[in-house]
Structure formats: structure tokens, C-alpha cells
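Working notes for the structure below.
First chain written, first letter: the chains are A, B and C, and each begins at residue 1.
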Amino acid sequence: MNAQKENFLLAVEGLTVSFDGFKAVDDLSFYLDPKEIRVIIGPNGAGKTTVLDLICGKTRATAGSIRFGGKELTKMKEHQIVHAGVGRKFQNPSVFEDLTVFENLEVSYSQGHTVMGALAFKRDAAVVEAVESIAETIFLSDQLNEPAGLLSHGQKQWLEIGMLLIQKPDLLMLDEPVAGMSVAERKKTAELLRVITRDHTVLVIEHDMQFVGDIADRVTVMHQGKVLSEGSIEHVKQDPKVIEVYLGH
Amino acid sequence: MKTNSPLQWLTSREGIYYLLLALLLVVVLPLLLDPFRLNMVGKYLTYAFAAIGLVMCWGKAGILSLGQGVFFGLGGYCMAMFLKLEASTPEATKNQSTPGIPDFMDWNQITELPGFWQPFHSFSFTLIAVIAVPVLLAFIIGVAMFKRRVGGVYFAIITQAIAAILTILIIGQQGLTGGVNGITDLQTLMGWNIRTDMAKTTLYFVCVGLLFLCLLVARHVQNAKLGRILVAMRDQENRVRFSGYDVASFKVFVFCLAAGLAGIGGALFTLQVGFMSPSFVGIVPSIEMVVFCALGGRYSLLGGVYGALLVNAAKSGFSESFPELWPYAMGALFIGVVLAFPNGLAGLYERYIMPLEKRLPVIGKYLDKDKPAPQAPPVVSDQLSAEKP
Amino acid sequence: MFADYSSTELMSIFAMQGFAGLSLFSVFVLMAMGLAIIFGQMGVINMAHGEFMILGAYTTYLTSQFFQNLMPELFAASFFFAMVLAFLVSGALGAFVEWAMVRHLYRRPLDTLLATWGLSLILQQAYRSIFGAREVGVDLPDWMMGAFNVTDFVQLPINGLFVMVIALSIALAVYLLMYRSGWGKKVRAVVQNRPMAEAVGINTAGVDRATFALGCGIAGVAGSAFTMIGSTGPSSGQAYIVDTFLVVVFGGAQSLVGTIISAFGISQAQSTMEFFLSGSMAKVLTLLVVVGILMLRPEGLMALKVRR
């Protein structure tokens, strides 16, 4: 078992967190292969976002382990987890509205992360090139010098995804990336995700079953903090337990 | 950011603003004012150091410290201790029961110079201490609070409590600190009489020089990636954290920077005014420093300088003619700045004066080419909604 | 510092200082209850809270002057009348301030702090202009004079006891109002989720105004009670504001029980230490300990764990 475990990029085992006795995540285990696209679905309050919070260190686990590429994440600080290669996008777009798109991406660039490093940081050709190439991927080449506060909701979502990409993470975690988007923006986002998924491992929370079917390798269904079902999209769609608590409604 | 040589920078819009301030402080005011008034301007400028620190700490990074008077005072007391020891030679104090110690110690039946005063015989130690003591205290407070994610109003209240504690401590320990009167009767700096008009004018220019040095340091920090991270932190602390930054260490840094700047200001205050007392340390002076920064424009370094100059000049003007009206004016200033123009004078300038510049002949066109991106975002909310621990 | 005293002496000292501390405890509880509503429930930093309290104190002063001069036969009961009046006057000013100032600043707590500080400067100067810089005292009616003798040297002054009773009744009333009444539920709903509260039909602007006015009104009653144990000057309120904020934060901003426990702890620590150290050092030590504990436990004594 142990030798096998090392093949997973992310191994979550027995993960539990309780808030004053209420177990938001309860003895949860799942495993992610490298380059896998995994989607977590489940009714509201199932603990999906809390799982992402636990992996990226925003919330501390009460029990259990999260092993990522051989490192135990539950003991690490948030910025160390980022440096280990985990990127996290929040449900509501959180970009730096007072900074330009260029500066948003530059802040996320994987250099100058210490106080002294940030003082000495120089905007050299490599930085500009990295920022411009990401901007093209996220359809924002023309907005590079605009304050991020002026972008549309969808553009902010893309920018935040771009800010993750420029960190070059091994694991990308996206919390409802198409929520609140127009149909056109949804299409473009699906396109963007397809590009990203070529060379990243991705963990997505999503409600849109059409979208899930489009991108997922495997689906994990959560309910009341536990795994209800896991497998391909067809498998979970036919699972009677899933139909009862989630899809049936 | 884009400019490479200092000359290019000086002819840019921002450079011109700095040149105008230099012109005002180095040429205009010394020509217009007599040494007494110039010395008062010098005193106001020492508050500008604290205001610049607050622009970095509060305006840029969103951390409101209500304890800047503590750091200002510590810098001032370090300098005052050195000057007091120099003034308390055994010859000058031969009428005391213990000659060679400061007079207030003798009055309080202290017979030996306390240990923590000893190193202040050395001028170089004093110069280091003026910055190091405030920075060290800020570091301890900052590490303790920011590592535990205390921010926003909690940080403000606790720094205010620290200002209260230090004031009570200084007043209570009369024998060690000079108590409520402070450390007075400071005469000479390394044998140089600092009470003559000539010395006061010289000190004024030293103060202006150091102010510009500090402005440039602050500007460097603001324009480095670090400056953008501070702004980013104010808006979306979590996003910065999950972009791989140890947010607390950046907050500690900017808080220490603000403390160091206030310390320098305090030392210059002591030199120019000739004494230091707890009335420059406590809650009221600390919150007044915030209003200098708020009036000038909390996002603007130069705004902080103008804020300190204007509020203090107004305060002197009022207190000379209508002392009972000053608290009303000060109170109205607090409320007005916050409610009506939260970006202060710098914000008003950007909004109303800048559009008019275009109409100026020749120079208007020149300035227009170099229009900066607006510096001050609208103040809609503090970043601390998520901060309540 | 204990070495010079015998154990019985120590016991008596602690008892005596403990009773002295109870008077400080009453003041803390009185001030903290208004703040617990405004700061703890609404999240607004009201630096002028002390001035609202002093407004109540001056109202009481004027009321008692009125009774003394015009209706001396009713003077014994004037305090009860004054307390109601103090509540109304401070509450009315609170409602006005909320309308003119605070409501524009709900999303900017740090700016509220600055604006209310400005308000406190203005109010202090106004008191100075109207009532003079000297402190004024209120004459106590006869029934409030004197003391209970508990043991030979432990005496409990009646006015101190009365103030403590008022403090605890206000605390109880605030508790019932905030946690046991429908209105309290509305206040908490607005604080926790403003858009949602609006959506279910709560008049959030009205609730805000009423809550702020209530907090200020309670400060007024506190000021009224304050006149029974001390005299009133233009800046008497300022003297307690930092301590009171520490009391509320230390107790855990959202917990009324925490506020009372912390008021008790801080006042007792201070008055006990005052016997052994100078007054200022006792205060320095108390504040240092509180600030130190807050650095280690920023959420205060009593805190809820919330899923965020």
C-alpha cells in the first residue's frame, strides 16, 4: 500500500474537521493521479469548499492527513503549501482591483516572495514574457495596463486563473470557475480549462453537470462531509445514492 | 518606475512635485520666515516623518496604527537622553547632592545613573538607538500580532493601549524619565550650542535633508514589487497569502518601517525644540499623526508632508488667536476628511486641479503627456472585514 | 512584595482592595455595556462613547440642580428621573450621530474610529464651553449616604452598592434584550448578514439607528450612575475609553458574559496591585498583562468558533 501511495500526486486520508462539534468534513479519503482532472460535486453544505480550504491550509484539519508529492500539507503554512505547488482559486473572484492586470500577474509570479526579494525584484524580460504569455492564454492581452477593478466578472475569473498559472503549480484547485458567467464566457472558460488540463493536475468544484461531463476524468460526489460515490461521470450518474441526494432534485 | 536616470525622473511629473516641495522648504520658507518661525516649520516637519510612515503602513497596507506617538517618542527620548547626559557634566551639576547625573534624578533621590542610561553617553550608539529602539518594539508587537492574524480595529485598539501604557509608565517613573515634565534643558550637541538661531536654522536644513532621504526610501519601497504587494494585501489578503507570500512578514516590515521613520522624526523634534516630554507620546499625539496623514491623503507620500505642515500651522494659528476654537476645528477636520474627502488633499488635487493643468500654456501640454495612473482608489471599505479574529 | 505582611493582614488587604475594585468594576461594566452593543454587535468603533456617558452625567447634574432649587421635596427621587432623562438625551444624540455620520461608514470601521474621535473632541470642547473646565459634583440625597459595616474595618458605601446594582441590572437588561427578544434577534441578523436581513424584510437602516441610539442611551445611564461615585469634568469620559475598549475586546467582543468577567478581572487586578505598587504602575502592569494575553489569544476570553 505504502509503495503504491507514492504514485498519487495527492493522497487525502481520514480527513476530518469539526467546528464546535459539527463535522463539516468527516473521515474523508480520496486520491488524485498526476495529470488527472477530478471534479467534486455535491449538494450545498456537503463540505466541498471546506476540502479545498483544508488542502490549501486556510482551514486546519482536526484529524487525518493530506500528502502531496510526498509532503504532509496539514503541518505546513499557507505560503509553504503554495511553494510546494498547490494553487487555489476562490469561489468569488479575488483579484487586486487597485493594481493593473500586468501587476496582478506580476505579484503572482514565482519570484521575489520574501520581503527582501520583493524589494530587490526587477521587472526583467523574463517576467514580461511570462506575464504576456499568460495574458494571452487568459484572453486579456489587450487589458494588461487596465486596473483589474474595471474588468467584467468573467474576466476577473480568468485573471485569477492566470494568476494561478503563472505560479506554475502542480495542482490547480478551482472553486466553481464558471459560476456567474455568461454563456459566451462559459464556452471560453471551458476552452481555457482544456488548455490548462493538458499539463496540470486539476481539482474542480462545479455544479454545471454539462460542464462536469465535458472536462472530468473522474468525479467524486460528496454528501454531509463524506464521499458518497466516486468514479466516471456515467458511473456516478447511475449510482442510486447519488440520484437520491443530489441529481434527483 | 519607467525612468532610468535621476535627471529623467526629475523632469517627470512626479519629479516636478518633489522639486516643488524642495523649492518650498529649501528656498521659499527660509527666505520668508524669521529663524523663530522657521524653527516652528522644522518642528512641524518632524511630524511629517511619522505621517510618511503612516502613508506606507495605513494608506498602502491598510494597517492603522494608533501608536505612532510611541515610536516618535522613543526616538525623541533616545536623543534627549544623550543631550541630557551631555548637559549634566559634574561641573554643571556640582550643586546637586550627586553631581554628574541629570537634575531630575537628583530631585528624585536617585544617586546613580541607571543602567539603561549608560550607553547614551555615546553619540553613535544614540544615533543607532533612535532608529533601532522604535523598530525593535514595532518588530515585537508586529510579530506577536500579525503572526496571529490580528488586524484592523483590534490592531488599532491595541496600539492605542500601548501608547497609553508608555505614557503612564514615563509619567510614573519620574526619577528615570523626568516624569510629566519630560527631559528638559538640553543645551549642546557634541559641544555645539543648539539654542542659537544659527544652530536652529542649520538643524532645519538637516531636517529637510533627512526628510527627503526618507521620502526617497519610502518611494523606493512603494515602487518596488513590495509596494504592490502591500496594496494587494490591503485589498485581498487571502489572495496574497495563497499566491505564496507570508503576509505577516510583509506587515511586520511595513510596521517597522513606519516606526523607524517616526523615530527619526522624534529625534529631530528633540534637537529642534530642545526637550522631550510624554505629551508627544500618548494617545492624542498618536491620533493627531493619523489626521496629518489623512488630511494630506492617505495614499500619497507628499500629501503626508503637506498634511503635517498645514494641520500644525493651523493649530499654531488657532491656538494663538482662538485657543478654544481649535478642538472644534480639529474635530471637524477628522469628520470632514473621513466623510467628505477620504483621499485628502492629494485626492482633491487629482480630481480638481489636475484637469485644469492642461489649460496652462506650454507646460500644460508637457505635463499632460506624463499623466500618471490615478494613485488613489475610491475609499469604499477597509480590508478588514475578514479580519475579525 | 508580599513578604512584609502577615497572612491575616494580606487577607484583609485583599478584601478591602477587592471592595474598592468593585467600584471600578461598576464603572467598567456600565461603560462596556453600551460599547458591547455598538462595538460587539454592530462592529462600530465609537471613540466618543465616553462623551455620550458624560452627557448623561451632565444631564443628571442639571436635573439634580433643578430639583434641589425648585422641588427640594422630590430631591430624594430625582436620581431615578435623571437616569431616564440621561438615557433619552444621550440616545437622541446617538440617533442623530448615526444618521449624520456613522451610517455612511459601516463598511469602513477604521474611518468610523477617526470620525468619532473627531466627534469626541468637539463634544469635549462643547462641555468645556458650557459647563466650564472644572469638574462638577452632584449632591447625593440622604438615603444614599453612609455605609454598611460588614466587619470592623470593612465598610460598604451605599452609593457604591447602588451603582453596582444599577450596573448589573443594565447588564441583565442588555442580555435579555439582545438574546431573548425579537428585536435583539433582528439586530444580530443585520450584523451577521446585512443583505439577507434586508431580503427577509428587516428595515436594516432603522435597526442600525435604534441599536446605535440604544448603545448611546445606555452610556447616558452609565454617566448618570457615574455621578453618584465621582465628579464630572469635560474629559472624564476620555479617561476610561481605552480601558473600556480593552475590557470589551478582552472579554471577546461578541460575548456579554465575557465582557463582565473581563471587567471584573481587570478592575480587581488593578485595585489589588494598587495597594502594593503605585497607582500608575498598577495600571501599567494591568494593561500590559491584558495586551499580552490579547496578543496570545486575540479572540478574547470567550469566543465562538465559526466556520468561515
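We take it that contacts are C-beta pairs under 8 Å (C-beta built on N, C-alpha and C of every residue); 3 or more make two chains touch, one makes a residue touch a chain.
Everything numeric here is computed off the predicted structure, so don't read it as measured data.
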| item | value |
| --- | --- |
| Which of B-C and A-B has more C-beta pairs touching across its chains | B-C |
| Chain occupying the middle, per Cα centroid | B |
| Subunit A-subunit C separation of Cα centroids, rounded to whole Å | 48 |
| Centroid distance [mean C-alpha coordinates] between subunit C and subunit B, Å | 33 |
| Whole-Å gap separating subunit A and subunit B, where each centre is the average of the chain's CA atoms | 43 |
| Set of subunit C residues in contact with two or more other chains | none |
| Of subunit C, residues touching subunit B in the complex | 43, 45, 101, 104-105, 107-115, 117-122, 124-125, 128-129, 242, 245-246, 249, 253, 278, 280-281, 283-284, 287-288, 290-291, 294-296, 298-299, 303 |
| Parts of subunit A lying in touch with subunit B, wherever the complex brings them together | 56, 58, 77-79, 82-83, 87-88, 90, 94-100, 103-104, 106-108, 110, 112-115, 118-121, 147, 149, 160, 163, 167 |
| Subunit A contact footprint on subunit B (complex, rising order) | 220-221, 224-226, 228-229, 231-232, 235-236, 238-247, 249-250, 253, 373, 377 |
| Touching residues (chain side subunit B, partner subunit C) in the complex | 58, 64, 141, 144-145, 148-150, 152-154, 156-158, 160-162, 164-165, 168-169, 171-172, 283, 287, 290-291, 294, 324, 327-328, 330-335, 337-339, 342, 379-382, 384-385, 388-389 |
